[in-house]
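Heads up: the structure comes next, in structure tokens.
Chain nomenclature is as follows: A, B, C, D, E and F, assigned in order of appearance, with residue numbering initiated at 1 for each chain independently.
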Amino acid sequence: MVSADPRIKSVFDDIRSTRNSDFVNNFWRALANQPALLERTWSSVKEVMIAPGKHDPLTKELIYIAVSTANACSYCVQSHTAAARAKGLSDQQHAEFLAIIGMAAETNALATALQIPIDPEFEVG
Amino acid sequence: MVSADPRIKSVFDDIRSTRNSDFVNNFWRALANQPALLERTWSSVKEVMIAPGKHDPLTKELIYIAVSTANACSYCVQSHTAAARAKGLSDQQHAEFLAIIGMAAETNALATALQIPIDPEFEVG
Amino acid sequence: MVSADPRIKSVFDDIRSTRNSDFVNNFWRALANQPALLERTWSSVKEVMIAPGKHDPLTKELIYIAVSTANACSYCVQSHTAAARAKGLSDQQHAEFLAIIGMAAETNALATALQIPIDPEFEVG
Amino acid sequence: MVSADPRIKSVFDDIRSTRNSDFVNNFWRALANQPALLERTWSSVKEVMIAPGKHDPLTKELIYIAVSTANACSYCVQSHTAAARAKGLSDQQHAEFLAIIGMAAETNALATALQIPIDPEFEVG
Amino acid sequence: MVSADPRIKSVFDDIRSTRNSDFVNNFWRALANQPALLERTWSSVKEVMIAPGKHDPLTKELIYIAVSTANACSYCVQSHTAAARAKGLSDQQHAEFLAIIGMAAETNALATALQIPIDPEFEVG
Amino acid sequence: MVSADPRIKSVFDDIRSTRNSDFVNNFWRALANQPALLERTWSSVKEVMIAPGKHDPLTKELIYIAVSTANACSYCVQSHTAAARAKGLSDQQHAEFLAIIGMAAETNALATALQIPIDPEFEVG
């Protein structure tokens, strides 16, 4: 039986104590069949999204949602929009965020369709 | 001749004065064959990316780059990474940004491959 | 009436006999409105996915699911994960597969965001 | 100076000894500005792609390339096609791989455009 | 209360009179929380998709659906396929459209996987 | 030696006579290592893109470019934009096409980020 793997209980316990909540969402439950992947993924999420860093928690969520939208990941968009709301995302901030990702997608299409060469001023290195 | 359209000069002049720089990058030059599109796109960019809003200018750039990376738009990634640098993006902030978009892409793949159902707690409405 | 086209019955019969099963899944039923496309698509699927080749049937399914995940095709991910299971995909193999596609998506994002130039050692030709 | 971070030398040394080669490709060099990300990414790549597992090394490369193609990551496609060649990918195996990813992309488009509902037979859980 | 914003009523009224129908679909209702974005998006849609131009209305819908399929946007695919049907898309035209987007997706995968260099004959400029 | 496969000469001859031109572009040359794939792909392209059908040749090209842009396939965008120009695409038609794909990409992002439920009026079946 899968749930017998002690890594599952250990990760779930850490999720609960880190978030200070009994709720463990489906993403982590779905990974319970893959204990090594569950452990590594949670460890990365803790380090990247939860540990204090150079970007505030709400900004991290918006960056995450931007990628998830472009990748059309319904679960990711919904779960992290809920997380962003919980971290204080206001209606106006959400509206501006939507305008930015819409404009990015639009100009991505234009730049790709026109195969615009990069300006020497912008080149790396 | 395309450049005869007065909308082109008008938009280019506005780009220069808004940015306080003589430099007009290739994206806008490439749109000069499409004056109506040039005008509408610049007007949107000004409103969404440049006008003061609820997100600071650097955050807007990071959201924009996140979308552009997922859409594999080389021009957009390079030009807006340069813009983010000009707005003060530090090496450490860039490193954390990269970690976030990498993790988002990874967990997008996991959630999609597992077709994880959304938790009722996260559903909109 | 659509089902009157003899190509539909012919393809459905071939699907049933090739798979040795009466079940015809929704993908093929949805193409019944497009007999020419149905015929060409089934013919390609038979040649590429079913005929013996240089990759074993399970590997073919995993490659197929990898693409479908990146393209966010829910139907394709679900139907071919079921097919891979039927071909013997174990929990451990699935877990490792998920780790690979997650890592690929993550490093894709990093390489694109950093616009890493290709090493001369890797260039084709 | 970035290269002074001891984690960089440590990871580069490990890359060289793991691969038994002096060559460190641009992907890792590009991450040298992000030592924490470099360390975590290399550690994951070693665990997922290099450590012995349930899929053979060539199959892992093909799964990786399948994702990278769908994500349009030029660097990833080129570097891992070179890696697959080094692991013995033959012309015929490559040809069949291309046929599979082409067919996957094609049927992804059809299934998404037709919004085909999943068959109850394929549903998870 | 959001619906008090006069821009919402104004846009909804314009949608109704432009389309000569009382029906306002969910896309516009979902944007009602973002009146500025609602206004700008509707204004663009009117200009790009509805105003007479160089492409006929059905062709515009097909181009729109092609992009939406590649971006895996379920809502967009369904709503605009309905719109295309309303504009006269026949079964045969739909079948040929599906064949084109399937083939485009397939050859996109081949060209990207092979990193085919562009022929000088096709280069812009 | 690869080029000894008679299918290659046969397909190249057919490309030349079908197009009434000596020029064979890199896409087909790159597939010469995969004669079966070359043959099947050319046969599909002839049937889907070249044979007379329900959409005119220029519309087919635009649909093809729309998909290729969303999939970020540089080779495909460039080669088929050249083909569209050869079939008479005017600057104004190109400008309107760009506006449509830009708007599609933008509204795709909005609909996905908001996870807008499909209106019953639009549902298939």
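We take it that contacts are C-beta pairs under 8 Å (C-beta built on N, C-alpha and C of every residue); 3 or more make two chains touch, one makes a residue touch a chain.
Remember, it's a predicted structure, so these values are computed and weren't measured experimentally.
Student: Going by the contact rule set out at the top, which chains touch both chain E and chain F?
Tutor: Chains in contact with chain E as well as chain F: A, B, C, D.
Student: Between chain A and chain E, two copies of one chain sequence, what rotation angle (nearest 5 degrees) aligns their Cα atoms?
Tutor: 120
Student: From the C-alpha centres, identify the chain that is farthest from chain E.
Tutor: D
Student: Take the average of all CA coordinates in chain C, do the same for chain E, and state the distance between these two points in whole angstrom.
Tutor: Roughly 27 Å, centre to centre.
Student: Centroid of chain D to centroid of chain E, CA atoms only: how many Å?
Tutor: 33
Student: I'd like the Å distance between the centres of chain A and chain D, where a centre is the mean of that chain's Cα atoms.
Tutor: From the centre of chain A to the centre of chain D is 21 Å.
Student: I need the residues of chain A touching at least two other chains; which ones are they?
Tutor: Correct list: 37, 40-41, 44, 47, 67, 69-74, 78, 81, 98-99, 101-110, 112, 114-115, 124.
Student: Show me the residue ranges of chain E that touch chain F in the complex, using the header's touch definition.
Tutor: Counting only chain E, the residues touching chain F are 23, 25-27, 30-31, 37, 41, 44-45, 47-49, 53-55, 59-60, 62-64, 66-71, 73-76, 78-79, 81-82, 90, 92-93, 96-97, 99-101, 103-108, 110-112, 114, 116-119, 121-124.
Student: Name, in rising order, each residue of chain C that touches chain B in their complex.
Tutor: Interface residues on the chain C side: 65, 69-70, 72, 74, 77-78, 81, 98, 101-110, 112-115.
Student: Could you pull out which chain C residues touch chain F in their complex?
Tutor: 40, 44, 47
Student: Per the contact definition, I'd like the list of chain C residues that touch chain E in the complex.
Tutor: 2, 33-34, 36-37, 40-41, 67, 71-73, 124
Student: Give the list of chain D residues in touch with chain F in this complex.
Tutor: These residues of chain D touch chain F: 72, 91, 94-95, 98-99, 102, 109, 114-115.
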